[in-house]
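Presented below are the structures under discussion, each in the form of structure tokens.
You will see two complexes here that share subunit A, one where it goes with subunit B and one where it goes with subunit C.
Up next, the complex of A and B:
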């Protein structure tokens, strides 16, 4: 039905002659809509090349008086390289594990029968609804008793078993429910066990949804501020969102030039990753039904 | 073998990376840059002297009290740490700070070296809950180049002649605006929630304030209304004062005058213009400046209170306060008046420091707040947004605000 509608729309578009004026107007309108999103990012890039005086003296001027000095200072005067490594490591562990758990748990909730399955699924969904602040103290006590505070372990575990993790399980379950049972049955006739069906049939059909899960997990990990704030005490152990708050004078006043240079370095990988893979991302979001 | 090496290295990175081993004392701070380096150095020196291993823990200032609250509630409070002025009433009321009144009897510590006014925030009756390490009155930063271009006498010259009052402050701001095109003066910080830093001095100098002596809202008093009237005139009639939300800052060089703590001078080291410091103007109720404070406190739920008190004595000793004075105006009178302190910053001459800072301490006040300050601050921030609008009915807005603040 949906395919028919799309095809009909495409045929109608082919019949209509191109109108350059309308196209131009459309582009102008779209560019205007984009401005509020693009301008702050451009301003951040521009300001990262200015001195503090330049940022406030001429906020929208093009005089990049500091050049790359802010960037060198970010690495020379602060443990930023180490903090970058901490964030990358956290991401490298939490994202694949979140994907693996979401896929396996989602499959189990969708296709396997076991006692308490529905209760367990509702409990998983409940995890999405409890604010992190509410469970912060009991979680902190648990990790303290395990002598794991001031390490990256609670950060990684809480990213995996977070609301984003629960959402990922939900997305995967909803996806697996939509796949025809005949595919599984065909696999079983060919001699595959449960794990084989999951590994060789269901998982390859889930790439778009897995990509969605990956996007959410990456953003959740890269931007996590609350848990590192609560658990990490050493500058060298901090992850990037916390590190951005550490470019200050002795009493806590912000050095905006350094903070903006560091912000560029934090935003850049996510921005580049999205630009390079935007087609896949949008397709996956459309396939999972989360695209607006 | 190689397969085992990677997980082992990863585990040690995740769990141990950067660890300095078990600590005997945990010291919590929001210090950054050189200030943090000095505190770490002091912790090392204390360790070498006493054999006590002190671990310095760092949290960004914006979320410092939030983290401390979680640590205290989880039974993982640090032993000793910095406490910000805004958090002192709450921490004292919730019995989270240890009583340090015994320091008054310790001759070697010499508590009398601290001015009585500098300890007011930290005292409840005879009990003392902290020792300030930073006692920083607001001073006026002024752009000498803009004053020269506008043909105005420096605020220090006007002060020496006894003419430096809010009337002349308003006139100077207007002249700067008209003759240079730059903004004349900014009283409040860029962050709307930090309105108290700057505005309070104007309110107090006009006989108003946030709270009266009975801790009732005083924002709608005659003195407060006079102060708000001055600022509204400067914003909307003269257009010499940036409105809230305007990001014009002093270090950009396009602002004639600005109220801030002396530590702001650190952000002006690369300024492309000449600047100076002067006392704040005098109002109808005197020249009252606001004292910004932060202090050392021992947490009552820490595990090693006795040792924490010893470390506090070490940090707040005359010798070490002379070292931290490089960043924070010292509350110890002996350090404050020493030539070493007065001549420490070549950008601020000793004579200017004496006039703008030391001579003003007698009239300086600390903002005394209630335990519901964070809520009150949010409410007042919202009200000020309405007050600083053209044609605002200030009295009616502030009457409503006070009713709500008193009802908290």
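Up next, the complex of A and C:
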């Protein structure tokens, strides 16, 4: 008891001089440190409201002379709505499938013995590490022979079986290992089969990990650039990351006002989701580093 | 007897549960990996049918000045990213590890580029770094002849900074949660014994978070070897090959010139580099990591 009191006293003593000047200095330092991270994003929002000429004025000038004109032009003059749908469709398929495969494979790796399991698990770990870009060439030749280039099929499939997919399996396995076996036994006594135990007992206990997997899969799908660059040539077939580079004049010059308005439309849903669920986002993404 | 049957049922069901994922991994990752190693031994382009050439592609790589240049670029880029990212992440995490009203907002701000779409982030910087853009003209006002992305001397360093600004928030929060896991009693005991704040940091805090440091180091090295999008959007590998990393070189050979065999040889080199690095780092682990859970 006494030692506790002493150490608490020592701790208090260390913090006692409240020194408001130091606190203020700390806030100023923190604000300065944050500038290079947030200014580019703020600049994107501000500049998306400026005209093609106005954008070249003072970077943080408040001459938002275009209003929302850039945004209407992005949809009126370009197949941007179609490209937005392509991205949404890709995401709507690849994210739930990634979650489902990660949950089933993760459960099998964690709880069931089957021949080849350990080899398969080591392969999954390797797939998290080896850059998927390495195998782009044979993948491309295969999809080309199947006449699937310029479709979303290779994009979706390669998102599901990407390093993110492997990480998802790994995260699910690490989670299922921690659940007590008694839960499964209780389920079996109640007459559930393996699928029933998985569906009605294990999955409902996995919501936080599934949320993590979903966040990874959404970001992976929404930001995917490498494979769309290889496979998609038609403007109408493109997904958003490629679409952002299509606001150009015939000589290859960029219409920056339109590019930035489109960038806002691509970034906004993700940034809003992040603002609404900051803790979940940060903890989920940090989990990749601490558990991976 | 019954347990034997149960084990067989479990094996069958386990296999079925894992099958959809394993099949996909086999078809889309493992077989292509074997294929890419095989293809690296062939002459194969969009127009020509594949012919076996042995190690001719590798011999050509050894003579190829552009490829040798890209090895150097990859080494500088990787070392630069890892050094800058880990240093900044550790500094930021230590700075953000204070009890202060509103500290969560600062953490979120540092983290926000992590969730920004990478192409949008790259395009923002592409505008800011145009020859007459605000950053270069700002530096020119200071008397520097700056054209950061178009000067072969500064392009790679500029890309490193842009990539680290985008990604460092992730390592920061990982370090932050490791720092918060260090029990305060040990630091206080050392302080009472007369250790300076730096000694406490160096001899207690850093060793305590060394497993996290090591893991983040490994992930960041391999992550740096994979970086493609910001390079392709901002410089396309230029100027004069100054930012052509191995992955950019592979992409150019494979999907601009459609030299599949030659590009596969570059991919194979990258694969063996990743493999070697991973093995090397696991050996280093023993020397660098103070303790493990």
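We adopt the following convention: the second predicted complex is superposed on the first by the 239 of 292 C-alpha atoms of A that agree within 3 Å, B and C clash if a C-alpha of one lies under 4 Å from a C-alpha of the other, contacts with A are read in each partner's own complex, and residues count from 1 in each chain.
Basically, contacts are C-beta pairs under 8 Å (C-beta built on N, C-alpha and C of every residue); 3 or more make two chains touch, one makes a residue touch a chain.
In this text, all values refer to a predicted model and were calculated from it rather than measured experimentally.
**Student:** In this superposed model, does subunit C or subunit B come into contact with more residues of subunit A?
**Tutor:** C
**Student:** Tell me the contact category for A:219 with respect to subunit B and subunit C: first, second, both or neither.
**Tutor:** second
**Student:** Name the contact category of A:156: first (subunit B only), second (subunit C only), both, or neither.
**Tutor:** In the superposition, A:156 touches subunit B alone.
**Student:** Check whether A:59 is in contact with subunit B, with subunit C, with both or with neither, and answer first, second, both or neither.
**Tutor:** both
**Student:** Check whether A:229 is in contact with subunit B, with subunit C, with both or with neither, and answer first, second, both or neither.
**Tutor:** both
**Student:** So, A:140: does it touch subunit B (first), subunit C (second), both, or neither?
**Tutor:** In the superposed model, A:140 contacts both subunit B and subunit C.
**Student:** Of the two partner chains, subunit B (first) and subunit C (second), which one does A:245 touch, if any: first, second, both, or neither?
**Tutor:** After superposing on A, A:245 lies in contact with both subunit B and subunit C.
**Student:** Should A:274 be classified as contacting the first partner (subunit B), the second (subunit C), both, or neither?
**Tutor:** second
**Student:** Where on subunit A do the contacts from subunit B and from subunit C line up?
**Tutor:** Common interface on subunit A, subunit B vs subunit C: 55-56, 59, 136-137, 140-141, 229-230, 245.
**Student:** Provide the residue numbers of subunit C that touch subunit A in the complex, in ascending order.
**Tutor:** Touching subunit A: residues 7, 10-15, 17-18, 20-22, 24-25, 27-33, 35-36, 39, 92, 95-96, 98, 100, 103-104, 106-121, 123-128, 132, 134, 165, 169-171, 173-174, 177-178, 184-185, 188, 191-192, 212, 215-216, 219, 222, 225-226, 228-229, 232-233, 247, 250-251, 254-255, 260, 263-264, 267, 270-271, 274, 278 of subunit C.
**Student:** Flag every residue of subunit B that touches subunit A in the complex, lowest number first.
**Tutor:** 10, 13-20, 26, 28, 30-36, 38, 55, 57-63, 66-67, 70-71, 73-76, 134, 247-249, 251-254, 261, 263-264, 266-267, 270-272, 294, 327-328
**Student:** Note which residues of subunit A are touching subunit B in the complex, please.
**Tutor:** 51-53, 55-59, 77, 82, 86, 89, 136-137, 140-141, 144, 148-153, 156, 229-230, 233-237, 242, 245-253, 255
**Student:** Mind listing the subunit A positions that touch subunit C in their complex?
**Tutor:** Residues in contact with subunit C: 7, 10-11, 14, 23, 26-27, 29-31, 33-34, 36-38, 40-41, 43-44, 47, 55-56, 59, 101-102, 104-105, 107-109, 111-115, 117, 120, 123-124, 127, 129-142, 157-158, 160-161, 165-166, 169, 194, 198, 219, 222-223, 225-226, 229-230, 240-241, 244-245, 254, 256, 259-260, 263, 266-267, 270-271, 273-275, 278, 281-282, 285-286, 288-290, 292.
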